[in-house]
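Encoded as structure tokens, the structure appears first; notes follow it.
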């Protein structure tokens, strides 16, 4: 299972023959499918599929596959992504002051749970620079004020380009990115410290405490221009009681946050998440 | 453990000596405490306790206990409830057309999970009358329109009085009770088919589907004048995926609803729930 | 989505081209695939797939599909099952004295959650006969002693044949079926009241209490000649505490049992479970 | 809430007046109780209580409390523990080669989730020495063979004494401690990577995979002379599917292990765990 694979994520209007067409494309070129999972959204009239095959023995050279598949995809009005398992995506982790999600991602990376290269850490504070040093990672601080936000974001975009970043992970980055930034760099995963759509915005634990909920949660989602409204990738919850103070909710919530964020990042890196509308299909 | 017990639910401003005072009251009168659970809300400066003792050998006659405890409660500015385990509360179950919560409560009652007498069923539809007949329970239909609501509620209140009802269980009663009704009969438990405060109001499953959440929930709460805003007693959740249609969410949600509602009703009947502010302490 | 579908469950040694071959079989005959989910067990070198397509517009008559597919299946050494969504399986529910799983299955059947016909109820006791009457179902009692077991099982097998039963659901049937019976009628789902492989055999709740576990569970599995060792379909758990007596574990466990059993039966009836070795693939 | 507190954990044969006696002891000496939670095990005829009060204003000097309480405890045949919240226990963490539980404990300690001093790390391998260095912790390696075990354990006991260790945390220490060692140092918490009593002993994930379970778990327990049979403090589970290989179970299990172990250690450090027989009461 260590030989490299290719993965196609395809979505198109539903019609007969789609599985056959796509499977034939792979088989007729000598590929061995190791994962095929399909979903039909009948409400949307949409067909979605994830298909992964071994590149060893595959007759098409890598740089031709995309073009070759286009010949199949165009007639069925499909949009698709093609990924190779040995093309390692480059990640930028964005933080503010809290270290739990950052440390968790770094540890999981060391433990080879995350097939990615962590290329840099960006923060609006200097607080976590020592962690970057400890893990020998580049660290950039961009303090954000009401006035300098767009200017700073422009520099951040430059940096992302320079570092050839594929994915931003907001690991408790407590600033809102501008709609313009999100439009220019749409591959962003955020962790929100509540069970969305409950408690969007600020201070979810305080508000969960005040509402007296018996379960709290965390949500990992893609970032869109609408705050905390992007497509949800993963959620998890934990039971709380009247004995739990706000500090306890925060402590318990931190465990949820690092679990949920790392699961979402891993699913994304394995090309298991397909967004359509404001929803995700997670081929797990 | 089958001998009758008394239970005190007490809340008062926190100060030293409260546990001792209350425990002494019981011990000095010959009572054996079988459950004592205390909570201090430091934010609110509030002391809350549930204390249950065996009545066998207790020196105070039942009808004197309340008066006797008042002598302790007044100086500490306490509010309290006194319950006897062999005084069986009388329940009215309110339904509309869905039968799953009603049937579940009736089964659990047969299985002796709910220490209560189910005294009548009220509905705005005739749909579930046959279930009432099958279980030999009185059934009353009160169709609700915009115009007749207050009038019908008046009749319902009369009926509740006639049947000496202690607790209303809204087992998927899809009408909103007026603020006036709730003021006159405040002991009402409702099941809401979402993980509150997410998706209050109508069509929570449809909206959960559209939002693309990965977990759905149900919430049992006391009814207040603010819709779906009352003190939460119990919540439970279940994982869903992109494969789940709205119909699947409804099906999975029904399992949550009956579980959560029955747990909340049981906790209430065991006098384990103490409301303060908009929160509950659940001494479970 | 209400038009009838056909479902193939296929397993065979892994090799390239399997998805394409099977998808082509359906497409070339005019079928529209609505669900395709594949799994490769690399340890076992096994390919397993569930594929479901709409029969409307499918060119092959139903009675020819099996033979036609054999031409594809033989060369790839596949074993397969073919099911039609409008061929409703016939179920026999076996019980002893406890009613919770039986009632739950009957209610779910009424609520159209279980695509099956409940054809009869068999019990070693007369205890639940009234429920059978209430639901207008045939009920047969076969008291079991050490001496008459094989004899009674022979009669039960006759009855299963007479009623054309496809699936036995042991809904808290507290007798062990003989290896011979299981060999003759292998389609049996059992609910065991523990988190297997913990606490197989008798009195699992008592033993869970004595061991002081913090979580209890229930397990639905296919029955094999080895007691509580058959392929697991579904499991669920619930948290318990020191406050829970054995009676509480039993009460909480009953909720798990009915949930887990009904989920497993539903998965089976939707042809989502594929057994290989002592494991199941659940295409859910 | 930052002023120091005292906590009594008491167990004795059940009889009337126990709560009053203990609460009076505290109140009559000017203490303000901030947590009181009691449990009666009717099967065992045992009364168990955790009671915590503020030391500020308490009339008895600390070094007298134990003797003073003895006067109450002796007549009721109670065994008890007395703890002060500002007496910080000293921990030794024992590891083999896996770092996830160790790192998790170290992070949580940094995040002030664990009220303890991590005083040293012991391992049978040199593998994790660099982590000890990074966190500036003393590290001792005691390679274990069949022949040198007792000899090494003697040295380890000496070291524990020298470092004044109160609690050993086996954070994936893959050696079995001798019965003699456990008798001499009974305060040991272990994490076992299965849902005990399922899969005790070696290779639980491999065996869980082979059994085809749908949920895996982890268990934190006190160590006794019987392997994996000690009193359970905490358990947690996670859902798995046919898609999960043994490597996936190990990966998912690691998240459980660190969560469960840290919860158990925290509960122990907060003096919330009372062992009786082979069971625990967790006053959480």
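Going in written order, the chains are labelled A, B, C and D, and every chain counts its residues from 1.
Definition applied: contacts are C-beta pairs under 8 Å (C-beta built on N, C-alpha and C of every residue); 3 or more make two chains touch, one makes a residue touch a chain.
Because the structure is a prediction, the values reported are computed rather than measured.
Look at the CA centroids: the one farthest from the centroid of chain A belongs to B.
Averaging C-alpha coordinates per chain places the centre of chain A 37 Å away from that of chain C.
Annotation: 41 Å between the Cα-based centres of chain C and chain D. Residue positions 42, 243 of chain A each touch two or more of the other chains. Because contacts link each chain to all the remaining chains, their graph is best described as complete.
On the side of chain D, the complex with chain C involves touching residues 39, 41-43, 195-199, 210-215, 217, 231-237, 241-243, 245, 278-282. Every residue of chain D that touches chain A in the complex is listed here, in rising order: 100, 103, 107, 111, 113, 134, 243, 251, 254-255, 259, 284.
The part of chain C that touches chain A in the complex is made up of residues 1, 14-21, 23-24, 26-28, 30-38, 40, 42, 49, 51, 57, 239.
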